[in-house]
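Order as written gives the chain letters A, B, C, D, E and F; numbering starts at 1 within each chain.
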Amino acid sequence: MSDNLPLLVFGAHPDDIEFGCGGVVARESRLGCPVHMVVCSRGEAGSVGTPEIRSTECLSAASILGASLDFVELDGDARLRSSAAHAITLAGAIRRIRPGVVISPSVVENQHPDHAQLGRLVRDAARLARFGGVAELSELAPHSISSLFYYALSLEAEPRDICPILYDVSSDLALWVAAMEAHSSQVRAKPYVELQLTRARSRGLSAGIGHAIALFPADPIVVDRLESVATGARCF
Amino acid sequence: MSDNLPLLVFGAHPDDIEFGCGGVVARESRLGCPVHMVVCSRGEAGSVGTPEIRSTECLSAASILGASLDFVELDGDARLRSSAAHAITLAGAIRRIRPGVVISPSVVENQHPDHAQLGRLVRDAARLARFGGVAELSELAPHSISSLFYYALSLEAEPRDICPILYDVSSDLALWVAAMEAHSSQVRAKPYVELQLTRARSRGLSAGIGHAIALFPADPIVVDRLESVATGARCF
Amino acid sequence: MSDNLPLLVFGAHPDDIEFGCGGVVARESRLGCPVHMVVCSRGEAGSVGTPEIRSTECLSAASILGASLDFVELDGDARLRSSAAHAITLAGAIRRIRPGVVISPSVVENQHPDHAQLGRLVRDAARLARFGGVAELSELAPHSISSLFYYALSLEAEPRDICPILYDVSSDLALWVAAMEAHSSQVRAKPYVELQLTRARSRGLSAGIGHAIALFPADPIVVDRLESVATGARCF
Amino acid sequence: MSDNLPLLVFGAHPDDIEFGCGGVVARESRLGCPVHMVVCSRGEAGSVGTPEIRSTECLSAASILGASLDFVELDGDARLRSSAAHAITLAGAIRRIRPGVVISPSVVENQHPDHAQLGRLVRDAARLARFGGVAELSELAPHSISSLFYYALSLEAEPRDICPILYDVSSDLALWVAAMEAHSSQVRAKPYVELQLTRARSRGLSAGIGHAIALFPADPIVVDRLESVATGARCF
Amino acid sequence: MSDNLPLLVFGAHPDDIEFGCGGVVARESRLGCPVHMVVCSRGEAGSVGTPEIRSTECLSAASILGASLDFVELDGDARLRSSAAHAITLAGAIRRIRPGVVISPSVVENQHPDHAQLGRLVRDAARLARFGGVAELSELAPHSISSLFYYALSLEAEPRDICPILYDVSSDLALWVAAMEAHSSQVRAKPYVELQLTRARSRGLSAGIGHAIALFPADPIVVDRLESVATGARCF
Amino acid sequence: MSDNLPLLVFGAHPDDIEFGCGGVVARESRLGCPVHMVVCSRGEAGSVGTPEIRSTECLSAASILGASLDFVELDGDARLRSSAAHAITLAGAIRRIRPGVVISPSVVENQHPDHAQLGRLVRDAARLARFGGVAELSELAPHSISSLFYYALSLEAEPRDICPILYDVSSDLALWVAAMEAHSSQVRAKPYVELQLTRARSRGLSAGIGHAIALFPADPIVVDRLESVATGARCF
């Protein structure tokens, strides 16, 4: 990160990244970090919105967030299953983008099945990306990411056994909301924006700030001074 | 922390801080942060070492670590019980020192009973310190700490439901070892130094560094950019 | 409950019940269930509000909620510790009121220390209330409650290992808000009302309703048909 | 449920439903709720009983329980693996039957592998059933179930992080036992009936009733009065 | 244990040991291990039975089990609270008896409050017993126990995060039942015997044996060959 | 085990068994137990070492450990996915070798993806091995193993909800180290040997012995006297 390595964020559907951690993307991008979004379906199994409409909405949202966007076709919406082939495909994306931090949906189950499947795939891919002997990836140099975080699309999707990192998005709220509302086919159908803002405000209140998005580190965080982790959420 | 607020570390016995997180103390101190150690017994129930010897050893260790040291008499070694009066006493210490970060033994049970009792006391004290209406503390202005971390004196004392922060102490290892060995009455009796170095090396290996001490945040950590938490321990 | 047994709710401070589960109290009361509130301090350690002001606010809130109110003096605000004597005192309250359901603060720690202490006390008291040989209680007939639920004053105080019951308070929201705002000394100091409404709205959204308060059953719930538990929160 | 929506119960093998929650099926059916059983293999990998015998036994048991029965062929006994295609197949069953409550084996692993696989499949299927854009299901109107419960075929299969709902089957015990014994090829081989009755009696004792079957809600339960959840199991 | 060190079992009430792990006591005693029971109240808060009756019943039960029995007066029935003084008292008992294995009630809460309090006290006492500097114990040589196990008086009291050791009591069932029934004032009042036999049979069935009692090791078990732990409970 | 049934250990890669539990294998073999190792890839996706080199290294290591070795080809290194066909293949291996104890990598995720996949496969295979009706296995008599243990290749791979069995390998340390170092292509690349010895020494210190390897029982252990489980790790 010190070398301004890109941030790479994965989503299973065209709106997952925006709803789950759009504020983080907006802020990192504005802070000068190159951000890449990889979306693994066109949302074609959803109740509203055609694949074309949803792809266009996603491009608009990415543009608002200042992030690049790629679609990777895996099994299709509501059909995603973790497989070695998919993990290798995503490892290829990681080797091409060579990110520092990677963010993926959490592996918590009992939500949209694609989310946990993608979380597992990304977790596997982040390891495969550094293994030197994966034949399909031989033309891309191995790459070790610096860390993996999970985002959650609902309270229920938050891992209960990982203490979250609360990311303050207060100063980038307008961008986040705009990116969520770019998915107009979806936000007309269900109160997704309110769901996310309510969660972020709830977290922000406990941290004594405006709005915060919870990220869940997959591995212990390594520091060499307390200063970087010196603020805790303990207002109540 | 940005204002260089002091670091305050609590120990139940004269050697707990050194064994549990002495490397953190050494490094923070060397980085320029004022560090205060509060020790809550003279170790008088231990199998070896008199209270006088142990107090002297503790002063030597604090000197090596570059930290100030105060003894607070509570119930005595092996007799510590969380009580409102003790919590108020420790809240007074917090109000006087006005730390940013506070570090205490973990609240995990099934170890030396004093450790978890003190962990609970410190946790309570950190709240009482900010409540305006505690009569005994009326002469000390309320103070809100920025965060609370737990250290563990053994693998078994590590909270299993908190993902640790690994603090790299590699460049301060000699100071840490010296501080532990200052407790010569103890290190002659049991392989405490090896226990801690083995744990720290095990953590360091998984982080790809030398030695690391695991700290466990009591509350979610708040950040406003990923850079501060961008390194994860994921070497294997 | 079928016999309209009273509901008994415990709070450690004058505003805990209102903030933590005031909507439940409002609704049960309006549905015709006699509701008793037992408050175990005058909030004298708080940063704002005198004991007199806070007692008056609490009476107003209870009146808004349609509940009776008793103060029980235990150790005082910020000093509460679970003890056998206190458990017997609260068991006496249970024997006098003879409730069906009892609601207390959760036993989750790392929040205001009084909350978890009271949660443990109530849990113990609910057992003592039915033991026939407790000498101090010999003039009050033993009583077995039908169930015990916990409420949480913040997201962090919610037990992570109990799946909550979401209680729909949508049609009683105005009463709940009024009861919270009756604690005017407190709500001027911190965004307590917003904290609770944000949490309740977040839960309500996941249940497809307006606002919901999470209650956590201490024991398995017993039913004799699925109809009573047939609605789950699964909107996302 | 208020509209008497059917109950839909899934089993991986011909006897799973009867052993795991047959008493619930018997009682709901007797209370007037239409109950449908969907069984996903013929038990052909078992040590005793041919597929034909086991299918016949299952039909007898369903008849005793007053439930309809369908076999859905997936991968076969001991070969079941969660896949998108299977989830869509089961979502189709859900759309056809349009249940309120759905009951499936728990997702706890380290038991017969088919059980957890089916639990995951049903959990996914219950979401796919309400997504409007799943091509294979386009001829069946989307359907949202009201709730999902898990049953466990052994103590070890009970989810440890969900507080169970204990369903009182005392008045329907004879029907339940008859349905289990209808699987005569199996009950001759192993003490399955005793295993289930022992578990149910153990749960019943803690609830102060006769026999109870533990069901585990996949999502928080939503209520609008305490009366429906007012009885807790707290006899000891 | 290889030197036939005594087994020491603690109970909070006159019947706890018998109901919770009487079969283990019976068998160890019959195998030639000296067994000591320490009971910490006379059961005077119970609904039935006077302290005199209950003491007599307990002596009869101990005699049946072939164990010695001591009463230690702490706070009295339903009033037990962990304190340093009590821990030292019990550490004294440990130093006198010098056991290999110690068994105590589990520290799981939400049961009779005395049980978890005693569990904590014994856990602390087992450490204090080996600390050389505890003044009150200076006339008794320090002693390190070999291991600590917890027993549970109900399914709900079983620690959920410890995989149990199942102790086969099938060949000593009659002795166990006789010891439980020696508490005739209690077994007339509630189906305690059935509760325990049901639990033990349920465990036995999953292990393919008759009846088994679950013990929960407080610490990792150390072995030097697999043979001693080579049988697992995996019948279903 | 009493009949000296073989020990069967599974590894996903040529060095997993040696690094994860080589000391156990060495000691059991030396104690006279026939040990079989089944390795499920040639390590062809690793960064260093060809499949040929790694196979040769594995044979050398097995020879040092006194164990027989078979390679089973499944999906290949970094591609392993649990499937019914693979589970049946491994069940066949179990039926042929007819072991008492089986040891496999843990099912904890967020490590090399093959490890958890193999752990699940072995867990399933151990059940399929005893089901009489699996067509592909009809020529091999069903076999019930006596128990299943997991090993972990790193601290992070240790199951957090199972209390480990610590296996004392102190007297077989040289053999273990030799077997690890036989994988010379690997140990030159990363400090694998130090990682494992550090972990084993850390466990050994807490048990008061030299080095210990943690094994995690998949099921409750069944004993009929305390002697076999009478030593606990409780030195600190």
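Heads up, the rule we're going with is that contacts are C-beta pairs under 8 Å (C-beta built on N, C-alpha and C of every residue); 3 or more make two chains touch, one makes a residue touch a chain.
The structure displayed is predicted, hence computed values, not measured ones.
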Angle (degrees, nearest 5) of the CA superposition of chain D onto chain E: 180
Gap in Å, rounded to a whole number, between the CA centres of chain F and chain E: 35
Length of the line joining the C-alpha centres of chain A and chain E, rounded to whole Å: 51
Of all residues in chain F, the ones touching two or more other chains: 112, 156, 160-161, 203, 206, 218-219
Each pair of chains that touches, named by its two labels: A-B, A-C, A-D, A-F, B-C, B-E, B-F, C-D, C-E, D-E, D-F, E-F
Touching residues on chain C, where the partner in the complex is chain A: 111-112, 153-156, 160, 190-191, 194-195, 198-199, 201-203, 205-206, 235-236
Chain E-facing residues of chain C, complex: 82-84, 87-88, 107, 120, 123-124, 127-128, 130-135, 142, 161, 218-219
List of chain A residues in touch with chain B within their complex: 1-2, 7, 24, 27-28, 31, 33, 100-101, 126, 145-149, 161-168, 203, 206-207, 209, 212, 214, 217-234
Contacting residues of chain E [partner chain C, same complex]: 43-48, 75, 77-81, 109-110, 112-113, 156, 160
